[in-house]
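Take a look at the following structure, please.
Letters A, B, C, D and E mark the chains in the order given here, with residues in each chain numbered from 1 onward.
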Amino acid sequence: MAPILDINNLYKNYGATEVLKDINISIEPGDFLVLVGPSGCGKSTLLNCIAGLEEITGGTLSIGGKDMTHVSPKDRDIAMVFQSYALYPTMSVAKNITFGMKVRGVDQATQNAKLKDVASLLQIEPLLNRRPSQLSGGQRQRVAMGRALVRDPKLFLFDEPLSNLDAKLRVEMRTEIKKLHQTLDASIVYVTHDQIEAMTLATKIVVLKGGIVQQIGSPAEIYNNPANLFVADFMGSPAMNLIPAQASKTGPGTQIAIARESGETLVLNDARDLSLPEDVILGLRPEDIAEAGFRAGDGVQQAACMVDMVEPAGADTYVVSELGGKQVTARLHAETSAQAGQMLNLAFDMSKVSYFAKETGERLN
Amino acid sequence: AEPQAEVLHWWTSGGEAKSVAVLQEEFASNGGTWTDMPVAGGGGDAAMTALRARVLAGNAPTAVQLKGPAIQEWYEEGVLADISSVAEAEGWADVLPASIAGHMQCDGTWCAAPVNVHRIDWIWANADVLAANGIEMPTTWDEFNAAAVKLMDAGVIPLAHGGQSWQDATVFEAVVLGLGGPEFYQKALVELDPEALTSDTMVQVFDQMRTLRGYVDENFSGRDWNLATAMVMNGEAAFQIMGDWAKGEFLAAGKKPGEDFLCASTPGDGYLYNVDSFAMFEVEGDDNRAGQELLAKLIVAPKFQEVFNLNKGSIPARTDVSLDAFDICAKISAEDMGSTSAGGSLLPSYAHGMALRGSQAGAITDVVTAHFNSDMSSADAVQQLADAVANSY
Amino acid sequence: MSEWLENHLPKVVLAPSFIAVLIFVYGFIGWTAWVSLTRSKLLPKYEIHGFIQYERLFDSPRWDTAINNLYIFGALFIVIAMVLGLLLAILLDQKIRVEGVIRTIYLYPMALSMIVTGTAWKWILNPGLGIESMVQGWGFPNFEFDWLVNPDYAIYTIVIAAIWQSSGFVMALFLAGLRSVDGEIIKAAQVDGIPTWRIYTAIIIPSMAPIFLSAFIVLAHLAIKSFDLVIALTGGGPGYATDLPATYMYAMAFSRGDIGQAASSAMIMMLVVFAIVVPYLYSELRAKND
Amino acid sequence: MTDLSMPQTQTRSQSATGKIALRWLLYVLLGLFALYYLMPLFVMLTTSLKSLEEIRTGSLISLPREVSFDAWKTAWSGACTGIQCEGLRPYFWNSVLIAVPAVFLSTLIGALNGYVVAQWRFKGANIIFSLMLFGCFIPFQVVLLPMARLLGMMGIAGTIPGLIFVHVIYGLGFTTLFFRNYYVTIPAELTKAARVDGAGFLRIFWSIFLPLSLPIIVVTVIWQFTQIWNDFLFGVSFSQAGTQPVTVALNNIVNSTTGVKEYNVDMAAAIIAGLPTLLVYVVAGKYFIRGLTAGSVKG
Amino acid sequence: MAPILDINNLYKNYGATEVLKDINISIEPGDFLVLVGPSGCGKSTLLNCIAGLEEITGGTLSIGGKDMTHVSPKDRDIAMVFQSYALYPTMSVAKNITFGMKVRGVDQATQNAKLKDVASLLQIEPLLNRRPSQLSGGQRQRVAMGRALVRDPKLFLFDEPLSNLDAKLRVEMRTEIKKLHQTLDASIVYVTHDQIEAMTLATKIVVLKGGIVQQIGSPAEIYNNPANLFVADFMGSPAMNLIPAQASKTGPGTQIAIARESGETLVLNDARDLSLPEDVILGLRPEDIAEAGFRAGDGVQQAACMVDMVEPAGADTYVVSELGGKQVTARLHAETSAQAGQMLNLAFDMSKVSYFAKETGERLN
């Protein structure tokens, strides 16, 4: 099957500022592509380019197998939710949502039915007669969603569509979007900075940094096998612990030595057969460091560490300890008895460790 | 006191301005300071607007170009100064025709100084065109109509006319005078006698106006009078009915009276005059009052009367000025003035604001111009005329 | 004290203008109303004589013509100038290469007073001098365009010239409005698949309501006060076929010395304006409020 | 701002020719309108460059056979208005003295008023605004006489300050309207943010709103300058010898009903009298649209 | 010490719409108050009222012990970050940030120093000369933050200041705000819909719903002892499981019976001495339901449940099972072997259970 969206060597400049550099992305019908990256990395710009709202500086772009590089937005058959909502200020909420259908000549009954569905989905029924200026931030965002959701386009583009919603509503909306994706088999490009959204929704994640694609892959790939230090650091919250270490081969496995401020080197063994340079950066997620006794398995290795700080966070408690000159975070259960200043036995799941080259930051294993 | 005068007037163009300059020079050589305040346009409407504003602001100019009953109207508002002392010293009463002197007096005192006399009921013609078509200067309106038909057949526009309401009114009063005679004119357009206004004569007048309308070309609407004069000059049209300022146009184009163009009074008896004059406003300060007196004296003095009227095409208001330097048309005018003054048919022009106050004159003009520019019947016009006059008080 | 000033500064700032308006607009309207009840002639007098001036006014066929002309002229002029101004603005909004030049060409008539251009228009519309004779000269001897001298049509020549003068300014106002609409919203509409013309009619134009208000006020103001225009172009003629209330009033007040009559005509004129403008203002300002 | 016709180069197939035809139509249409707008100026300009003789004989639309600038010279410094033959020159300066301060003041006050009405609503502000708006419709002929009286009482009758005063008063309705309608489109959050930042009424106006106002200042200045410069009625009524504006002089030149009408001089004078406003349009018009295109309203 | 902010019986209407009803809040100097609540509940409006930007309809409000009900915003000595950013469009980023200082007459050197600090803190140094219109969403938000942070007011008001930032930056900013709060001892009112932000930052949380205060308390109170069903449901992600159940007294403890679709009733024992009506709603957080074997303790009770769905989410895996007619979520370790359709032994931590009245939704224990 032809890819629903195919971006080749796309470049975009604003004057002298290069915002997007050599982007190559291709998604299949039914894919749910999530764009993530730091603020200002070019996510909105990329969406705008896909929608045809910004002239691209170089490269080509096709949607549904047809070259769309120079086609006007209204002929691209896409629906988009804008980061800034962009509601029609003079129209009521209901009209904002139905206007597109009206223009396309959808009959009144269908319009009403769709409006009703979407309004109840987004919990905006009581607001249908208001003007956008009379809505709160989150309400505006939901109306913007509604405008896209009543459509049935080739491709949905969502720019942080849930950022102004409260957690509860957000979870509900997330589920609805997932459903939408599954039942309609819609193709979606989605920008978010919510890790959970990215993880739970995506079939494919693109990590952008400074306008350059860092990694493309399934959520699990991105999460478990980040392609470089940037991705490792960026994805996951709290971030992956990235600890400078010394690697040396021991038999089939690898021995990892980590310096500690206290002087005593922490030595861990990775059972996997890896060929690593001596200086590496070791990456281990907080949830892969547990309180000894709560984690067991093949690769798990225990070590006593000094607790520098304890941070309770509802469901979990984070414990911070110094390793290799870095603050290393471990995720413990909420009811842990760990206290700052105390030595605590931590269990490191070495089978989950990622290694990165110290210089280039590229993944080694 | 050093005579000073701020003079509000609308004599801004070529000949007029030159003649005002003469006055100013004389004023200056008599030690006065002249401040010029010309406001042209709309036959003095703009100047009158300015005048009203200034009077209300308590800042009236020293002398203002005013004429006809307007002088008395302003007098009634109590803002005019008395210049009887000058008039008596200069003996104006002896040198001015009685009817003209009447215009200069308010409640028995002198309040304005006359500058000139324009004759309104002139008919001008292109001599060559008339000769080519074998036409004499008409002396009755029937003759005029017959000539016009002839001219039309020859492809010449019989009557050059500009479609502005005051031009319509100018023709109208000439027809009233011609068809009804001086007495009827006096009754209808000076005394506004309702009987005269609704009389059969008046119906005939409107009939004649309708006839004249047929002698005018299609593009007359909004045309300035001097363009109409030009049409006569270059043979496009044969006649024009217009005051004697039209002569200035002919002369300026180098045409000779009696040779290139002909002048005659419009068919019928009588003489319609328009007297330009200056009224003096009540002002503060000896300097200003001295200026007013000096100005009044100079205006009526023979020298200015002669120079000014040579430039303007009109004739002096005072009867004792030598006419040697004047052309033939002016001489005719002066002569007729003398004779009609004696015979009681020296009449004020209504169209030029000499006969009536503004609202009455305007009411009549409205009907005349509406009739001339539409297909209104003469009977209707007469009825409207009576209504409008009644409604104008 | 300074606290008070601080809190009331907006009102303090508005106050002088408000007072000025009360005196110089409403005070003068009151003055006019008073004078319209008198028999003032050359100068205002203050002795009340009842509604005589209004009776005279309604008896005057010339006033009938003037008021009718105001309706015809006002309606045509405002509607056409708005539509044309909007159309031109939209046309110019299509990424025109020489936009700057064209814009200036459309805009400049507003810069010249009608007193000035009236003569040129008079020539152009004059059948014997202007377009008619020109087209006839091109070999269409039957071409006729004699509105200027035809009492039934002369008022339309005023409309033509008035539109010529003001539509450019309206265009500029609208162009300003078009371009100040938030770009994101237009983008959203494009993505929504809305055709360009619908984007204009349904999204951009409705959001320009304040601009329409400005344009309307400007045009209505010009319509009511197109005094220069009439004077320059037709002088109210042929006959008084193109008289407007403004010229009527001026004639009464300043050439005829009939100030009472002028005042009554001014009052009626303002009543007409009031009847048309106030509902419009009301709905416009209401809409902004909620 | 966004340009609606952005990437419309459409796949060069079906609608490409249609698009090009449409484009042509667009330009033809714009060109026709340009002709309509240019015609009177063309007539005026060519006439002013012709000799009197040629005007009398030639066609209105034709180009001058022989270009002569004599009429311009006469109009500027030779034409007689009354007894002085100094052309428009001396009156020009009067107009400048009147128009510049009057435009400045009425724009400034209008900006402040509009700012209050749009962003500092207090009870009754809208009524005050409506009252001011209605003031735009008062016929100037009506105010002439009472105004003359008041000016006399204030002792500024016939003076340039008097004229400035009148123009400012009757310009306020429009300037307020323009600014108010511009400022209502600026999000209220901006004022809020600045208030929290500690800025007061005037400071917010000066630092936040004025920098945003370029387009509307230009619109207002264009409007006010045109109105004031071209004003005849106030100019003729409230001036006296020595303070008359250029329109009165122009009127004197053009409206001379006796004597030979020098159309070329009239036209030249008309163009000269209109030059400052024309200049304002050409220069300011550029900033006007530019200010808007910068689209700086959005944060 | 006098409360830094004291709100008494505050009401706010927009025309006929009542947006805030009888709000009473009081915070001490140094408090960090977080406002949470569903979209449109009136959070922004409340901030606006505190700032003096909206006239309040009823009640009084004092800041720093002084009545401020009618005082103008600039005299309230507050700094505020707006949800819609409200950047000054004609000013560069640098000027946006320094404007307030300039107005207050801070000298140039201090201005520059503060600007530098804040810019580096917010990572916007390269943007200082740009106009707001040339920034991305997140960049604008950071500038808006900067504008508040250069100030030293009595009270900071933040309206969702981090909603457009990526997770990483958000965590950093969160830490910075916390630091700011601690080092400056600043008093802060903060709106967020991010649970973690609320939990980690707040010293006090206010839960609003429809303009009415639902609960005021410390994060732990709110999280562990929600005052009613709304708060229970709203706080925490995924939400607390709220399961209809039958309570009956057994000795000192309580027996809880939960109906199941499969027919077999689940019976759990709560050791606490409670007096409950028969019909109750039982509230238990997903993290308090674990895989048997990973959780032990006094109140923990095990039961076999049918797994309906397994949802991996990076660090954790969520397992959904039907109980009392509700989808009940349990949070398991990421490496759980649980699979849909399988019976799984779950451990319920009964000591954490909240009970709510079925009718009123009020908390019972």
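Methods note: a contact is a pair of C-beta atoms (placed from the backbone, for glycine too) under 8 Å apart; a residue touches a chain by one contact, two chains touch by 3 or more.
These numbers come from a predicted model, not from an experiment.
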| item | value |
| --- | --- |
| Minimal step count in the chain contact network, subunit A to subunit C | 1 |
| Interface with the most contact pairs, given as the two chains involved | C-D |
| Rounded Å distance, subunit C centre to subunit E centre (Cα mean) | 58 |
| Between subunit A and subunit B, centroid-to-centroid distance (C-alpha), Å | 94 |
| Gap in Å, rounded to a whole number, between the CA centres of subunit E and subunit B | 93 |
| Whole-Å gap between the CA centroids of subunit B and subunit D | 39 |
| Touching two or more other chains - residue numbers and ranges from subunit C | 6, 43-44, 129, 182, 184, 187, 190, 196, 250, 253-254 |
| Shared interface positions of subunit E, touching two or more other chains | 72, 84 |
| Sites on subunit B at which at least two other chains make contact | 42-43, 49, 52, 55-56 |
| Contacting residues of subunit A [partner subunit C, same complex] | 48, 51-53, 72-74, 76-80, 82, 84, 86-91, 99-100, 103-104, 144, 147, 151, 157 |
| Subunit D partner contacts - residues on subunit B that touch it in the complex | 6, 9, 11-17, 20-21, 24, 34-43, 46, 49-50, 52-59, 61, 224-227, 230, 245, 248-249, 252-253, 312 |
| Subunit A partner contacts - residues on subunit C that touch it in the complex | 182, 184-185, 187-196, 198, 202-203, 206-207, 209 |
| Subunit E-touching residues of subunit D, taken from the complex the two chains share | 187, 189-190, 192-200, 203, 207-208, 211-212, 295-299 |
| Parts of subunit B lying in touch with subunit C, wherever the complex brings them together | 42-43, 45, 48-49, 52, 55-56, 70, 73-74, 76-77, 163-165, 217-222, 357-359, 361-362, 366, 369-374, 384, 387-388, 391-392 |
